[in-house]
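Okay, got some structures for you below.
Paired with chain B in one complex and with chain C in the other, chain A is shared by the two complexes that follow.
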Partner chain A sequence: MPMRILIAVLRTIRNSPRLAIGLAILLVMVLVAVFSPLIVKGIGGSTDPLELAAYERWLVPGPDHLLGTDQFGRDVLAMVVSALSVSLQIGAIAGVISTVVGVIVAFVAGYKGGWIDGILSTFTGILLVIPTFPLLIALSAYAKNVSLFQVGVMISIFSWPFAAKTIRAQVLSLRSRPYVDLARVSKARDLEIITTELLPNLLPFIGVGFASSALGAIFGLVGLEVIGLGPGGVIDLGQIIFNAINTGALTLGAWPMFVVPIVLLTLLFAALNMVNIGLEEVYNPRLRGVAGE
Partner chain B sequence: MTAEAPPAVATGNSQESASPASGVRAWMSRHPLAAYAVRRFGLYLVELWGALTIAFFFFRLMPGDPIQTLIQSLQQNYIYNQQASAEIIARYRAEFGLDGNLLSQYLVYMKKLILHGDLGPSLISYPTPAQDVILRSLPWTIGLLGIAAVLSWIFGLALGAVAGWRRGKLGSRIMTNLSIALSHVPFFFVALILVYIFAYSLGWLPARSAYDSNINPGFSLAFIGSLLKYGLLPGLSIVLIGTFGWILSTRMLMVPVLGEDYLVYAEAKGLKPWRILTRYALRNCYLPQVTAFGISLGFIFNGNVLVEQLFNYPGLGTTLVTAIQQLDFNTILGVTDIAIFSVLTAVLLLDLLLPLLDPRVKYWK
Partner chain C sequence: MKSELELRNVQQRFHARGVAAGYITAVDDVSFTLAAQPPQVVSLVGQSGSGKSTIARNVLGLQKPTSGSVLYGGKDIFKLSRAEYDAYRRDVQPVFQDPYAIFNPFYRVDRVLWKAVNKFGLTKSRSKGLALIEESLRAVRLEPENVLGRYPHQLSGGQRQRIMLARVHMLRPSFIIADEPVSMLDAQVRKHFLDILLDFQREHGMTTLFITHDLSTVYYLGGEVMVITKGEIVERGPVSTVMHEPSHPYTKLLLDSIPQPDPDRRWTNRITVDELEDQERADAKAAPAPEAPIL
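Up next is the complex of A and B:
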């Protein structure tokens, strides 16, 4: 069974270069994040490159410090690598939580229909129009010293409606397919129909929901950090950008401090979006060739 | 609320004569458009009420005591230099709508908001009411954001149509892939790079504020020039990224239309390609983009907070961040309420106007 899934995934990727490129970029980033402690150690050698005053302050990029050092004498490359890992973790945590909540809401609403759908959809719609950024800023006031996981939970409070909306539309279209009717006629229970008939067919859209929630979560945290309201103790890529702005890296010409995090995040957003569009292209026949070549 | 195929308005009269039923149901079947408008308006009210309520309780549950902050700031300014008595604190509580339990606070707030459009006093510039503080910064945001949003919509629609029209060609493919890669990049990143290049490295354009403080605000050429000069970088960063998103969605709407029979016919008739593109293809796919534009206004607001903050632009975003730093509940809530109200109203108006613009759109049965 796992072998079959793997083959199916590989076949899908082969058919969509966009999906392949997106996943490849993500994979490289995840690998860098996973091995970030080793990379940081490799950069520092005997000293910890993230320690305050590990080196001289504001060193320009050179062979010893590929991206220079910051205002506290920390190695920028080492900081960026470990911050990337934090950003990815936030995306993964918030992405998983909001996808799970979104999937549950979408299935209950889309499959049950009727007034339950009415109430849930209206509620999702209401949450969608509330601008999330002010609420997120307000939430950050609660959270001065919180763990990475708590930040993820905080952000996913606002990102699940997007996932729910995307998936519900698909549940609605799948619900009336003949094979679902067949399962219903043969007296399968609701839960059984959902897990064996609907869920496998919705996997790509759940993937889309996950990618967009992760994207939203990373962006949300970066936004908080950039205006200096991020939760303390979490150093993600946004925090580095905030430091760069606040310490005057712009005027000092210390461009690696903000250009590198921005390029990395842009690459990450591009990769997630490519996965999104790639998945939709492959699994939504109406779009096949539409968004493509 | 799905798009239903005809028979709708035209058959109204025949139904009327066929079934002389009375009551609401009959009226609704005789006036489908009006019934749809009433139902849609009802949904609007429910959504508006729900969103405002959620926002209210969300911010009230925030920790921190704004009255203490106010008294501290008054003491710092020597307006008030004795220890605050319980009586005075109670008076301020009443003024800020913070007395009584949460439910009565909510009722008082909603009553003032609906009947008088009153958001309560602000804290960041006490005793000015929050609605005045917001109204002062609103024109800046509308000016910057409104113009940038409209421009990126127009550019995106035009470029997206061309990208769809010339699909398969190298230029179109580059544009599509570029859009996919860049459409989700925060405005703020582009803004930061632009500031670094044009303001700090080259020194061509200013990096902060909305106009030259040496020029008196007014309808003078110098002031308008200064406005444009200062608004160029923040506006450009929004337009650059915003356009990519619209290119992608327009292209996705455009390509299926290009396969339609009536386009083949138009081509066979010998119409000029430009005319086919604008009058036949684009006209049939731009309406969903009008709706999407209304919805997008709210999301642009999210990203815009950061851009305004970076440029120290005196708009809603900067006001919001200042208000949050000083625990100014009334202003924070007011900004959120305005964003909610404008998005919902925009979507409502577009939903009501769309059936008039496009005869194919039928929401009613």
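Up next is the complex of A and C:
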């Protein structure tokens, strides 16, 4: 069974170059993020490159410091590496929370139908039209010293409805399939039908839901950081951009502080979107380049 | 003891927009009894939208009727105890119309058969289970090595529909609810399928409720027939009687609609259900019912 899934995944990837490239970029980024403590250590050697005044301030990029140093004398490369890890973490936290909540709400609403669906769909709809970002600004300005996890939760509160809405529509169409009826006359219970008959067929949609929530969260946090309202104690890509703008880093020749985080974010955005589009191409026959297979 | 399956004054309404009453009546005051002994084939004939599939869903417990009751062994199927429910599920099994949609595309076809083995506790041992599956596949004239381990899209419609029959063969229910099982099969496979159903009746004593719009298959199967239109059963009796001396105008219309393999007897005038409805408008009361529930 695991072998089969692996083979199926590999075949899917081979058939879609977009998906393959997107996944490859993501994989590299995740690896960098996972090994970021080691990489940071490797850059700094005996000194911690993220310590204030670890080096001289505003060093231009050179062999010792590939991306230079910032206004406090920290190594920008090390900062970028650990910031990438923070950005991916917030994406993962918010992605997981909103996917799980979205999937549960979608399945309950879509499968149960009736008044339960009515209430859940109305609630989902209400959350959908709330302008998220201004509210997020208000929330983080109000809550002093929010942690990364709290920001993740705040962002997920507003991003699960998107996942819920698309998945619910799919559940509605799948639940009246004859194979669901067959499972019911084979004494399968609701939960069993949902997990074994419906869920596997919805994996691509759940994947898309996860990717877009994660992306939303990463950029939500960047947005907060750029206006200086991010969580304390952590540096993410947005905060580096904020520092660069604030200190006029570009005029001091410290262009990597501004350019590198933006390039990384653009790459991340492109990669997640390529995965999204690739998954849709694979699972939506109408978008396939060539008919048949 | 073999049980009876009885529909008592079953009525099924579905909410619908744009209809004056706010709902449409798919099944209207339908009562009939299927006896397990002696095993027989009872056909339920009607055009699309006459409510016949809804009746199948009621009988299978997939749709709770708006009023009236479906009784198994004298008890309402929606109020059974755990043990009675298990007996009912085992004893009343379906064959559905669409051999493509009946399989979850995510799994191999074996799963449907293994589910039957495991869910109904046919056997605990894997080797005995496999033996049962192979025996049942052979009973529906499928070679196990040709179908096991395959995905649904790798099999033909006839093969898939016969796997459903193999499932029924394993479970040996007293009642098969066959909802348009041959409408998507070609002529040769259709005969094959009907013969297997008749075999089941003879050899394993299964009673079939055969739901169809096609009178020629009803002819072929024989037994009893009920004619349904607009949710109401308008005529019932032995196939030979109903076919040769139809008493209801709708049955006559159905009989006239069988294509004759004879160019001299080609239809010359068009008969439509609408015309018939015009004649009947005086006493018509129910709105045309949809085949599938509108949710």
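Here is the rule we use: the second predicted complex is superposed on the first by the 282 of 293 C-alpha atoms of A that agree within 3 Å, B and C clash if a C-alpha of one lies under 4 Å from a C-alpha of the other, contacts with A are read in each partner's own complex, and residues count from 1 in each chain.
Keep this in mind: contacts are C-beta pairs under 8 Å (C-beta built on N, C-alpha and C of every residue); 3 or more make two chains touch, one makes a residue touch a chain.
Because the structure is a prediction, the values reported are computed rather than measured.
With chain A as the common reference, chain B sits beside chain C without any clash.
When the two structures are aligned on the shared chain, A:Arg177 is found in touch with chain C, with no touch to chain B.
Of the two partner chains placed around the shared chain by superposition, chain B is the only one that A:Phe269 touches, whereas chain C remains out of contact. In the superposition on chain A, contact of A:Arg74 is made with neither chain B nor chain C.
Of the two partner chains placed by superposition, A:Lys165 touches none, neither chain B nor chain C.
In the superposed pair of complexes, A:Glu197 makes contact with chain C only, with no contact to chain B. In the superposed model, A:Ser186 makes contact with chain C only, not with chain B. Partner contacting the larger number of chain A residues, of chain B and chain C: B.
Once both structures are overlaid on their shared chain A, chain B and chain C have a minimum Cα-Cα separation of 5 Å. Interface residues of chain B facing chain A in the complex, by the touch rule stated above, are 43, 46-47, 50-51, 54-55, 58-59, 62-64, 167-168, 173, 176-177, 180-186, 188-189, 192-193, 195-196, 200-201, 248, 251-252, 255-256, 298, 301-303, 305-306, 309-310, 320-321, 324-325, 327, 332, 335-336, 339-340, 343-344, 347. The touching residues of chain C, counted against chain A in their complex, run 57, 60-62, 86, 89, 92-94, 96-98, 101-107, 112, 115-116, 119-120, 292, 295.
Residue ranges of chain A in contact with chain B, taken from their complex: 18, 122-123, 125-127, 129-135, 137-138, 141-142, 215, 219, 222-223, 226-227, 229, 241, 245, 250-251, 253, 255, 258-259, 262, 265-266, 269-270, 272-274, 277, 286-287, 289-291, 293. If you check the complex, the residues on chain A that touch chain C are 113, 176-179, 181-188, 197, 200-201.
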